[in-house]
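In the two complexes below, subunit A is the common chain; its partner is subunit B in one and subunit C in the other.
Presenting the complex of A and B:
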């Protein structure tokens, strides 16, 4: 059986990956990745609107890592990563980062909730959540997963992996954006 | 009232609030690392506007992209403008321009227009 580390590495070594980054995440590295990803997407000749959806989803996913990553030594067991994959009919945006075991349920419940809603329900949920939201200490509005689900027009995929740590698991998130949008 | 101008960067929009023209323009992309700090001068300016009665002001939004944290701050700005408009110190109108192919942005503008009671024009360009 594949070890967890092999599974995480196999995501990063995906044969259709067009962009792979692993290491420190901050606003400057995020901006560089976005610029590079936009260049890659332009080169694929994909529609501007799909590119814009991709940009939306990438910003939320990347800023989630910069806002919620941990600065302790623990997280260096497996570094955060970002992978952009181009398949025949769709793009995948994949991120991975260590997550406190205590936080796993909070995060997966949020994603399960948005995955259970249809587009109309998601729209309503977003409106209500934004009205009730307060900007957190790390600068988030708590709307990222809802927005990713709305803009990608697909369910979000996630995985929780055990790593060599008492406190942390490794969390992967995958969004799918169709090359030809649904509407 | 003083003019408020913040030049645009890779991750923050241009802010151009001009009391002479009575126009408040927000233009570009908004994905700052710290939205609260970035938009604080904008909300401060609106506090001064509220205390400076008698004008008709236009908010002109030309945003090509904003992240979810900015989306919350934009709602705060619009609600502040609604307070000023309904409170009667100044009248406000909002003009939201978007790339007419960008249906996600059109929908975002419509959602805002449903939330605030201020004259609101949404125009695809």
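Presenting the complex of A and C:
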């Protein structure tokens, strides 16, 4: 029988994950993840532009997870999770957190919309979304997702998984940052 | 991306605080130690326990995991920290090349059977030597340090994992 260490190591190996954190997210956690990523990027020798992109995307995703880690009743359903993956040509920043089943469509529609746009359209959409967010519901247009897609210069990937809850699913989000930036 | 949920489940069920997999070479080991330090700082435990955990992790990262590095691009070590009933368990696994496995296995076996006085005596002899330290001597010093910090609560085993040999150390730091 596999030990837990083997189990975790095996999944990390197959996914090329270098860091896994599961638990409560707060400012200190976010700071330490960013410090770790900084060291990781320096050790990898990627250029400053990639570092900046990676930082921006991580900040956005970590802020998101910090904000949405608990349900409205402050009750933990399943803990949020953060995974950093290093592949040969890219880094992946992956987050997971519970999501209300009746919010799934709203969120996935926003991501699908963002993914359907080219960089120019995305820029325009971002301007519109910012304007709308000032006069209506802040972040309602999915500003965070637009920002992640713009900064990572890649499509966002997501998954919705069933968990042991009537009300909640588990939402995973993946952003990809190329090690060699596109010109 | 089902692996995220899978990892989350294994981590939560096992009360793991963090999992890191890398080669822990010099530049990265600083970041590894920083993230661990912050993580431990957040735990509501006595500062002496925090220091013990951190001291053990430093030895693991800087000596146990680095002793086998032949190819810095390989991520051949894994470090996990978990909460247990009355303390913390640091689990470290590092890839061991086939020809060294038997030698290291024998060395650690002998080390574990030594009493503390004999271990200290050997440690002092190594430290007072003016020669450059061999790999085995460095391993001995690291293991001695871990054993002292954990007050003897250290176990080891060799695992076969995906065709590779892994040296696994389990170090328990009790809360009192």
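Before moving on, here are some points about what is shown:
Following the convention adopted for this analysis, the second predicted complex is superposed on the first by the 152 of 183 C-alpha atoms of A that agree within 3 Å, B and C clash if a C-alpha of one lies under 4 Å from a C-alpha of the other, contacts with A are read in each partner's own complex, and residues count from 1 in each chain.
Just so we're on the same page, contacts are C-beta pairs under 8 Å (C-beta built on N, C-alpha and C of every residue); 3 or more make two chains touch, one makes a residue touch a chain.
Since the structure is predicted, the reported quantities are computational estimates derived from the model, not experimental observations.
By the touch criterion stated above, A:83 is placed in contact with subunit C alone, subunit B being left untouched. Contact with subunit C, but none with subunit B, is seen for A:174 once the two complexes are overlaid on the shared chain.
In the overlay built on the shared chain, the residue A:22 is in contact with subunit C alone; subunit B does not reach it.
Once the two complexes are overlaid on the shared chain, A:125 sits clear of subunit B and of subunit C alike. In the superposition on chain A, contact is made by A:56 with subunit B only, not with subunit C. Of the two partner chains placed by the overlay, only subunit C lies in contact with A:4; subunit B stays clear of it.
Between subunit B and subunit C, it is C that contacts the larger number of residues in subunit A.
When the two structures are aligned on the shared chain, A:40 is found in touch with subunit C, with no touch to subunit B.
Contacts of A:31 after superposition on the shared chain: both subunit B and subunit C are touched. On subunit A, the surface touched by subunit B in one complex and the surface touched by subunit C in the other have residues 31, 35 in common. By the touch rule above, subunit A contacts subunit C in their complex via residues 3-23, 26, 28-29, 31-33, 35-40, 42-43, 78-81, 83, 86, 94-96, 157-159, 161, 163, 170, 172, 174. By the touch rule above, subunit C contacts subunit A in their complex via residues 1-8, 10-12, 14, 16-22, 25, 27-28, 30-32, 34-35, 38-39, 41-42, 75, 78, 80, 91, 93, 159, 161-162, 168. Residue ranges of subunit B in contact with subunit A, taken from their complex: 10-11, 31, 33-36, 65, 67-69, 71-73, 75, 101-104, 107, 111, 115. Interface residues of subunit A, counted against subunit B in their complex, comprise 27, 31, 35, 48-49, 52-53, 55-56, 59-60, 63, 66, 123, 126-127, 130-131, 133, 135, 139-141, 143-144, 146-147, 151, 183.
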